[in-house]
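Each of the next two complexes has subunit A plus one more chain, namely subunit B in the first and subunit C in the second.
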Partner chain A sequence: MLNGFLRNSKVRIGLGVFAAFLLLALLGPWFVSAVMHTTPRTIDYDALGQPPSAKHLLGTTLPGSDVLAQVIVGARGSVFVGITSAVLATVIAALVGVPSGFLGGRLDHGLTAFTNLFLTLPSFALTLIIAGYVQGAAWWVIALIIAAFEWPGGARTLRSQTMSLRGRDFTVAMRMLGESKTRLVFAEVMPHMTGIVSAMFLRACVAGVFAEAALSFLGIGTTGSVSWGTIISEAQGQSAILNGLWWWFVPPGLCIALLGTATALVNFGIDEISNPRLSAANRKLMKRFRRAARTAEPEVAR
Partner chain B sequence: MTFWAALTFNFLIPRFMPGDPAATMLRRIQQLTGQAPTPDQIRSVRLFFGGARENLPAQYLHYLNDLVHFRFGLSLSEYPTPVSDLIAQALPWTLLLVGTTTIIAWIVGTALGAYMGWKPGSRFDAIFAPTTTFLHAIPTFWLSLVALWAFAFQLGWFPVSGAYDPDVPYQINNLWFLLSILKYGALPALTLIFIGFNGWLFTMRNVMVTTVSEDYVLLAKAKGLPTWRVLFKYAARNALLPNVTGLALAIGGILGGVLLTEVVFTYPGLGHRLYRATVDHDFPVMQTIFLLITLTVLIANLIADSIYVLLDPRTRDEA
Partner chain C sequence: MTAPVLEATNLSKEFPVHGRGSRGTTVKAVQNANVTLHKGSIVALVGESGSGKTTVARMLALAYPQTAGTIRLNGAEVSHARNAERSYFRQVQLIFQDPFASLNPLHKVRYTLGRALRIHQRTLRGKELEEQTLELLRKVNLTPVEQFIDKFPHELSGGQRQRIVIARALAVRPSVLLGDEPISMLDVSIRLDILNLLAKLRDEEGLALLYITHDIASARYLCDTIQVMYAGQMVEGGPRDSVIQSPKHPYTKLLLDSSPDPGRSLRSGDTGLFDVADDLGEPPNLVDPPSGCQFHPRCPFAMDECRQTFPERTEFPDGQWAHCWLHQKDRGHVLEGKP
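Up next is the complex of A and B:
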């Protein structure tokens, strides 16, 4: 399973890019201070709002900070919030969805109603308001708030999956053998959901990065620290658009888009493996097949 | 049940936020008049907001009673405009902008997706699949900024902000006014469509790929039916299901979904209004917009469920 997973080129590319960003988030600040000898807030008075050059590879902001340094350090702010919120959201989704699907009954009713309530709430608007309430909070608080509105979709999927797995032969067999419910859940049901859970996790991760960027953009994210969202927000606040400083706000957005693409690619790979009919195959293989179908006898075509 | 819970949430969340609307109002008075408000004024403002005098359950009952009678109160930040007026001003813009873009994006995405799924692995599919993956991962607000910079400031093709030309009389039956709406709405609309269609395209493509390999599609092909007929009447029609329910849900999410785009383009819609209300601690406006959003989402859910039953006979048996 894992082997086939890694053989898929989409998955490999996606995971590669994702790992690169993770590395950037972990080592970025060190790299900026040790190799580039600067900080995202250092002001270069000789270069205020300058376009990309040899000295400042991505140019400088209007107050004279290096954009590249900001983007690298900002990776930590964005990716950490994304991953933390994704971990939390996945855990909550599993805690709500799996017992609800596995145990059924009154508990299921209660938990489903709870999930549905959160599904109908306008999540981003609520996140906005609550984040405004804790204005200037630490990054993990923002992650917590984002996670609080990210889990319901996942809980619903996990619930229906658990319900279907509960009735499969192998689970029923193990129940007959007298396995405890906890063991049934952890040893029989959960392993079959690794694919779904990891896809969910990645999607939540990107959603977290998106939400953090959006909040920072509205000026309601973490204050003080740098993230891709705050860079874009500062650029807009100091009329980078009006002055045509495109190098200020374009790179952070591209980073977000790249990260999103990477996770989407991994998810496609997971989809293709779990549902072989989806795989777009190899174009050469398709052509060869079509040619064969045209020339050979009907049995080969079917 | 869900509705009641949502109502209660609506009531509670603003109440637990710090920041006192009365204090904000007093500060505003101080700024306007240039002198500190007298104790008399403070008392009357407090009295007027009523918040501190009633306990929470009493406020709650009050709130429910007001809702039943469709009384939404007065805006605090733009006192004394009734909230219903503010919403009535903002709602048409959001419906116009997001409603049309959602529908156009849906049509474009579904059609392209159907075509892509029809021949998985074709050149068209191979080029478009990665491109749309990338497009789908772009944050809308960032693309709005880039579009604003490129097309409004650099090229000067589109106006920078607003929803209509302020120099043209505000009349619905004035042709120039309608044209200016079109001109001002074009850039936000194009941005939303450009980002929006990708999601539809993907679901459609993936469902289509599985549908195309079904036996009844093969049979239709074997009968010698024209390709377009097999594509639309046999394959696409069945593959459409998830996208149709998706559309119903998306229409429910319209009101809350474009907050950022509206903020970037300073488009006078509901999202912009909600953002302003949040910044200003304007509780009545926030509550009412929330109520509106929750209501539409619930109604859209209901519609989605019933559409599904109409379209897919298999789900009818269970009922």
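Up next is the complex of A and C:
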């Protein structure tokens, strides 16, 4: 199954981009200080708000900081918040959705009501209020708040998936062999949800990055540290758009967009795999098309 | 005769109907079914699709509780308490109809059979586990065994998968096997092999078997006793030869008349094999079943009584029985002629 995922080119590209950003988040600060010999807050008084040049590959901000250094270091702020919120959201979604779907009954009623309550809350507005209330919170608090509003959708998906897998013949067969509930969940049901869970995780990750950027942009994100959101927020605060300093806000914006595209790619790929009729038909058509193209070419050449 | 291993009396199952405006209504999938299984003997349960055969098998396997009736295993009434269920599962195993759905596609044969073995022999591992797994494969004639143990289900054919499913059921050393149309989804060419395997398990392991089928020809080939089910009710049963040679219920007769010759159908390669002809008319709606005998709308001999009450059981000297007003009214002779 995992092999199937990795064979899909969309999934591979998406995961590749993801891995690249993860690497950036892990090694970025070290790279900036050890290789670029600078920090995101170092001010170059000779280059205030300068466009990209050999010295500053992505130009400088109006106060004179290197944009590239900021974007690289900012990756850590953004991606860490995203990943932490995604891990939390996925774990909560699994802890609520899977037992709810597998055990059913009164527990299911309770957990479903709980999930629906969160689902109907105006999540971003509340995130905003809470984040504003805990002004200047550490990055993991922001992650926690984002996760709190990110999990309900996933819990609902996992619940319905679990319910359907619980009734499948192979699960029933193992149950009627005397297998314990725990093993049924972990060995028969859960392995079938790796695709959904990983798609969910990536989606939550990007949602976390977005939410963090939005909060920072509004000035109520983490204070002190740099993230893509804070860069854009600063650019906005100093009228970068009006002054035509595009190199200031475009790179962090592109990074966010790229991460979003990567998730979309992985999700498309997983969709293709879990909807085999679609992909098989596509693949067959593609093959026929390529073969036709190959045989047609020499004739055209002649 | 010896005491039965598994005995179900007056088993009924109603499924609630979901949807708008249907609160409180139910599908009467099975009504007052009796099933008795003996060691070393095969009972065939024959009926067309939708007659409630799977529901009977699943109730007997404790997949879900019955609405009414009792199940007795070795004379003791079965409860649905957790621990009681576990020891029941050790005795009674179900073989599913669809071998493509009943094996987890993510697990190798080694895992599936290994788990089945270890559920009831917790300390089993290593060489001993491997040896017992191979032994199971040998028992279901999947040789060379070393080649099959590390295969995934998708690497196996339907017949091979069904053998794995049977091996998994055998892993707990059950005394009863319930086969829910175990050959209906398989290629014609391997159906006979699976039937012979079941016969071998009956003869060599002394298993009590319930063989469910919609095709009376395969029942004739395999079983010792036949029971015929129609629209959730058992309409006739008895020793195989008596039921086949002198059916006592019009529905059984219709089934037999529309079934191909068994010898030919089991060996020839045409795909229509084992399928009961479709010209039997429509089965009744089980949400709002007809009163009396469910078969009366399709029965050429229907009388007034048939439309009002379900007939009592009529017993015949050789153990055959039927629920039909014809015998209650001493008109059984009409079944001898052409309907």
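Assume the second predicted complex is superposed on the first by the 276 of 302 C-alpha atoms of A that agree within 3 Å, B and C clash if a C-alpha of one lies under 4 Å from a C-alpha of the other, contacts with A are read in each partner's own complex, and residues count from 1 in each chain.
By our rule, a contact is a pair of C-beta atoms (placed from the backbone, for glycine too) under 8 Å apart; a residue touches a chain by one contact, two chains touch by 3 or more.
Keep in mind the model is a prediction, meaning the values are calculated, not measured.
With both structures superposed, pick whichever of subunit B and subunit C touches the larger number of subunit A residues.
B
Examine A:Met176 and indicate which partner it touches, taking first as subunit B and second as subunit C; both and neither are also allowed.
Only subunit C is touched by A:Met176; subunit B is not.
Could you say whether A:Glu188 touches subunit B, subunit C, both of them, or neither, answering first, second, both or neither?
After superposing on A, A:Glu188 lies in contact with subunit C but is clear of subunit B.
Mind sorting out which residues of subunit A both subunit B and subunit C touch, each in its own complex?
Subunit A residues touching both partners: none found.
Show which residues of subunit A lie in contact with subunit B when the two form their complex.
113, 116-117, 120-126, 128-130, 132-133, 206, 210, 213-214, 217-218, 232, 235-236, 240-242, 244, 246, 249-250, 252-253, 256-261, 263-265, 268, 271, 275, 277-278, 280-283, 286
Applying the document's contact rule, which stretches of subunit A touch subunit C when the two form their complex?
Those residues of subunit A that touch subunit C are 1, 168-174, 176-179, 183, 187-188, 191-192.
Which of the residues in subunit C come into contact with subunit A in the complex?
61-63, 85-86, 89-90, 93-94, 96, 98, 101-107, 115-116, 119-120, 165, 168, 171-172
In their shared complex, at which residues does subunit B touch subunit A?
Touch residues, subunit B against subunit A: 1-2, 5-6, 9, 13-14, 16-18, 120-123, 125-126, 129, 133-134, 136-139, 141-143, 145-146, 148-149, 153-154, 206, 209-210, 213, 253, 255-257, 259-260, 263-264, 274-275, 278-279, 286, 289-290, 293-294, 297-298, 301.
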